[in-house]
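Across the two complexes that follow, subunit A remains constant while its partner is subunit B and subsequently subunit C.
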Partner chain A sequence: MKALLLPDLLLVLSAFATLGLDLFMPRDSKAPFHLAWAGALAVFVVLLFLPYDQHAVFWGGYEASGRGLMYKQLFALSAAFTILLSGSYFQSGNGRQPLAYQGEFCAIILLATFGMFTVVSATDLLTLLLGMELATIPLYALCAFRKGCPLASEASTKYIIMGSLSTAVAVFGYSFLYGCAGSLRFDAVLAYATQHPTSPLLLLGVLLLLAAAGFKLTLFPFHMWAPDVYEGAPAPVTAFLSVSSKATAIAFLAVLVNGPLAPLHQQLQPAFLLLAAITMTVGNLGALKQRNLLRFMAYSSIAQAGYIVLAFAGQGAMAQTTIFYYLLVYAAANYATFFIIAVIGKSRSEEIETLQGLGRQNPGLAAVLMLAMFSLAGIPPLAGFTGKFMLFATAAQAGFYGMVLFAALNSTVSLYYYLLLIKEAYITKPASPMPALAMSPIQRASLIPLTGAMIMLGLLPSVSTAIRNILLG
Partner chain B sequence: MNGPTLLTAIWLIPFFTVLASLPVDRHNHGLIKKISLLGNTINLGLIIWLTVRFIQSATSLGTGTGTTATVLHFAMKMPWFELLNIEYNIGVDAISVLMILLTGTVIFTGILASWQVTDQAKEFFALLNTLVAGVYGVFISFDLFTFFLFYEIAVLPMYLLIGLWGTGRKEYAAMKLTLMLVAGSAFILAGILGLYYESGIASFDLMKLAQVDFAPSFQLWAFPLIFAGFGVLGALFPFHTWSPDGHASAPTAVSMLHAGVLMKLGGYGCLRVAMYLLPQGAEIWMPLFLVLVTINVVYGAFGAIRQTDLKYITAYSSVSHCGLVLFGLTAMTYAGMKGAVLQMLSHGLMTALFFCLIGMIYGRTHTREIEKMGGLMRVMPFLSVAFVLAGLAGLGLPSLSGFVAEATVFIGAFANPAPLNRVCTVLAVLSIVVTAVYVLRTANTVVNGPLREQFKHLTDASPMEKLPVVILLFTIFGMGLLPGWIINLVNGAIDPIFHKVVQQ
Partner chain C sequence: MTLANSLLLSSILFCIGIYGVLTRRQLIGMLLSIEIILNGANINFIAFAHFRAADPTAGAIFPIFVMAISAAEMALALAIIIAMHRQKNSKLDIQQLRRLNG
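Showing the complex of A and B:
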């Protein structure tokens, strides 16, 4: 049973080993970088071989369960891809200034990932809060990693202010829960919620927690910071924010809604539906006019968050499976896009126009971009289609057919801007010849599994079945 | 090869064709085209074999007239996504077989007609083959999830096909077409999920769902969603506006495939999903759709009169003729449904021929404005004769396919005694006159009259170009002169649907 703690320990170990190695190596050494991504991948591999049907609680507050292990896999993979993605940002290119302090960067990513591990391992509200903070505070530093860049400072400042505010709101919410249940433990909260599912104090506390999660998940009306932060932060950090950080918020909600707050589902349902509907609309409408790829991805990820929250309107195995499945699908497509942005941004810039002529100049990369956009838009036979279908099926199962129609039409709007990127890459002819693109072996090697995932996740039925089986224990 | 394998092969071969052309050097257009042609030739061979086997199997099983349940041939089921009881559930009935035959013919001739594509040929043929794989997939799917999946696969490649290789306002047209069709599928999606959960059996199996009596309140909202959703692709008024722009901007083979086959998916879905599964909804909503479809037929014909661009004329005539498919369905009579299926086939062949010829004429004259042409009969007699014949098929001249189909549709429509149906039928029949006006005027202007100076050096079709035209003309005449076997097949397939929809 002790083995269930192995991945967490290995992760912390990798983080400190990276920091330690960085101390003793010369400034421009690549060793910490390689150690960091190898460490994250090793954590993932260890997670693959752990038993999912077992359950253990350590020190009365740190739990390892099938669901936790599954989410940890996503976090570990996401950390590995972020670190791999960041590699090229520490080298100088035509389009941008190189970043410095690679060792610290990688270690911070790993430490934030440990915070995410804690969120899915929590059995009481305090651990949950600690996990959320550990997952967020390192990101403040990462956002400001482009030192001396005013845009980055602005992004970081905005993120700190909004983040602290949301933490404050969350703590306020926890206090209500504690006040009601008289304990921070999940089982005590569950017992209280079962007895008093309509208690106004409890509901108020839950709404405050929802607001805190909404901040990380960029749900309307807490999404305002996202475009600026996504644009100002270095692109790998943006990728990390859009995948890992969002997945943490989703995990946070999933832990609460399927655990201590399960009896409140009926009361929360309208809130989730409303948040989903407004968020996807705001994201989709916002994305229409964007010219910067990172801002574009910010709005796209706001809309995607809206779709995921739709699944919270449902309950049970189907809804939970869908949520995790869609996170996987979304992560694959997002990382693929960010790798392409990294390649293009290195010799050009991060504006949409720089995609022009990609279809002729680099057909392979353009094809991957097209697959990623189609997957995000939910076009078959890509994973995004199966994911969206399951999301909509979850909403339909709960009886919200109108919402299904609304979300599907929203998805049509999103297709418009995803197609705009494809149009730039394939149809629009560049006014002047674009500089040639160079892909590093790491980028190439990362894009292959991501592309494979975008295609195979949608076709292999075993994935969704396996997720459900793990969730059912 | 057993039946299900054959069906699977038919939609997989286009995908393999794409894969086979991936390693080819991008500048080796010849090889890419040959691979594509080879794949589709094999596929056409398999499809003809399928048709022959289907006819044998249908005769031996004795699924002639009078059956009350759709009998699937070469059926197979295999669980796919266990979570939602999604199955890879395939099979064919006569309608599917005929539509697959139509698709095979049109894509084969379409590949021949796009022999002159050299710009990014690899991507062009890859997208074209992906699209056609989707179309085959729709026609063999009897699971609503896979049906919908293939439907979307068939729609999306159109964006790049029009946007990259099209002409005129191609980017606008491509975007409009894609978004309108995808919005249509949003309606279908909501409807399909409704069918799944409201059926109480949690299944996407079309045949199982057909045995469920859905609650009238559900049918009331689900039917218009699904019917209108598919109707968008069938160019149902007022959702038809993507069609003229899209067809006019698309390159030749894409127009052929889109107008010839893809628009039929709309009618097919309306019949197979909306009407078959939700007969009570159909009964309630049909008067509204009847009126809309009548507007289609009449408005399309008048729209064609107003146009001067050959492709726009054909596109509007497609709106009118595809309207007849839906018109046959909305009649809710036996002959009407039969006519609708016949019209799908007839219009598919005819419009493919039309767009094919227009592509060839445009490739020579570099204009599609009919006013700028004239006397083409003198320099390109083959193309001109074929053009006139295509026009005559369009206006329903007996001995050509259009007559068989349109006559059946109108007879079927008039067979419904409701006053609204009678009035609408009379109005729709009048559109034939309008059709005659624009067809004859267009043919006359383009083919006859004085030959312009700049066209004197033009040449007639090369043997390579004649081949698709001859094949399509052959099938049009074939359907016009020997419709018996097709009608027999269609009868067998329509019987159970009619039984369910009308007699309940």
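Showing the complex of A and C:
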């Protein structure tokens, strides 16, 4: 099945076409931007038409399977939305200097997405490492994209130091896995882990890999960089970090935990539970006192990462379905929020106070904000509720009832700060009249499918069934 | 030189690197410490490939990829650090990275 490689090739092609077009067009041309988002959407459309029950391995280390294609859909859509979101930031910087070099920005997003494609296609440790790096190194550059802005360079410095450290730790972990299995291939690692599930060298390697994944996933105690980087980076990059980069880390964990490290699941369970419990608490408590919207989203996404890791305590098709479904739900609500931040931030600062009077001024936008916050908090009948229900059901099925109770309590805490935003938008009266809001056609056109996804994903049970069928292959 | 000796050497390098990252205040010093950790991992790969691997070629090739990756990372890190240095125009001390916090 050569066709299974088509989306990956198309993605790389559109990245280079964007760069090439950027060379020949005048500096302020919009053509590379339109080519880039059309390319990412085309990759998504191609992915929809591929057979999901097929399986093919290319060059011994690059695999296309139903699970991989499913994650690729998410990555392609996320890239398209990030590029669409970035459009307005090249005209006005939302309180900071406007971004420049639009063609390169879009091409870097597409290239980072190719790295994410590689992560879900890996069948050996080397491909996995290369995919992780291809997905991460472009993000350092994206964070520093406002060259003259002190906040951006501080954020990217913190990000790259922490990121390189986590890469170094991951490479150390890979070396122990290789030392145990004697080969880089996943099946060799799986064979070794089945025979010696308690080998200390193997467990040391897994621990180091878990630490590296924890950094990308902003798990406690590796979450410290996230709020600073989310605030300092340009907002579209923050959106990309909070959805695509996080989904990559989850895909990385899912590939390892359901593939070569499956026999170690018993030993890893307590680690996942502990990480989930502390991470969601830290995220929720941190979000309570935030006033900056980007920083607020950082802590919210830390808490959401904690919920997702909870599902790793379960095993099998149910846990995998839950994880992917929750990622979809989380992505839709997050992008909707970031589009709203982009609209509001255009004429105001990106603080929570600037939401005041939104319900009167622009009822449609305020309603979308309310839906997004309710979805993130997990209120029925929105998608966030179904997602959280499935997460908690997975943990309950594995027998961790105490943990479910703890997560539910945490979810209640999170309700407070999500409702705080809605209160600002609907109840608090602004001290002085707020400047008018202008929405571009692109922003309007992007918010409609995101809002639809937030509602429909929760109402259609067929979505999770479809995911489950693909995973069972 | 045995496998145990090589692993001991790489663990020492790992600890030196982690200690360096935690205690250095200079950004360049932190990057160098990270390089030390990566080199420790490379020694691990070579040692495993030499002493016990069923597939020694893979272990010998892995460090080459690691070097390429770390070169790319360091090039970008230096570019970012230079951009920061131009704005702050001072020593590359991490203590000045405190505008973003909370």
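We take it that the second predicted complex is superposed on the first by the 469 of 473 C-alpha atoms of A that agree within 3 Å, B and C clash if a C-alpha of one lies under 4 Å from a C-alpha of the other, contacts with A are read in each partner's own complex, and residues count from 1 in each chain.
As a working rule, contacts are C-beta pairs under 8 Å (C-beta built on N, C-alpha and C of every residue); 3 or more make two chains touch, one makes a residue touch a chain.
A quick note: this is a predicted structure, and the numbers were derived from the prediction, not measured.
On the shared subunit subunit A, the superposed partners subunit B and subunit C are arranged side by side without overlap. Looking at the shared chain after the overlay, A:30 reaches neither subunit B nor subunit C.
Once the two complexes are laid over each other on the shared chain, residue contacts for A:160 go to subunit C alone; subunit B is not touched. When the shared chain is aligned, subunit C comes close enough to touch A:169, but subunit B does not.
In the superposed model, A:130 lies in contact with subunit C only, and not with subunit B.
Contacts of A:392 after superposition: subunit B is touched, whereas subunit C is not reached.
The three-chain arrangement built by superposing both structures on chain A places subunit B and subunit C 140° apart around the Cα centre of subunit A, to the nearest 10. The wider contact with subunit A, measured as residues touched, comes from C rather than the other of subunit B and subunit C.
By the touch criterion stated above, A:148 is placed in contact with subunit C alone, subunit B being left untouched.
When the two complexes are overlaid on their common chain A, residue A:444 makes contact with neither subunit B nor subunit C. Here's the short version: in the overlay, subunit B gets within 25 Å of subunit C at its closest Cα pair.
Overlap of the subunit B and subunit C interfaces on subunit A comprises no residues. Considering their complex, residues 318, 321, 359-360, 363, 374, 379-381, 385-386, 389-390, 392-393, 396-397, 399, 401, 404-405, 408-409, 411-412, 415-416, 419, 422-423, 426-427, 461, 464-465, 468 of subunit A touch subunit B.
The residues of subunit B lying in touch with subunit A in their complex are 26, 79-84, 86, 120, 122-123, 145, 149-150, 152-153, 156, 159-160, 163-164, 171, 175, 178-179, 182-183, 185-187, 189-190, 193-194, 196-197, 221, 225. Remark: subunit C residues 10, 14, 17, 21, 27, 30-31, 34, 37-38, 40-42, 44-45, 47-48, 52-55, 58-59, 61-62, 65-66, 69-70, 72-74, 76-77, 79-81, 83-84, 87-88, 97, 99-102 touch subunit A in the complex. The touching residues of subunit A, when paired with subunit C in their complex, are 124-126, 129-130, 133, 137, 140-141, 144, 147-148, 150-151, 153-158, 160-161, 163-165, 167-169, 171-172, 174-176, 178-179, 182-185, 188, 227-228, 231-232, 289-290, 295.
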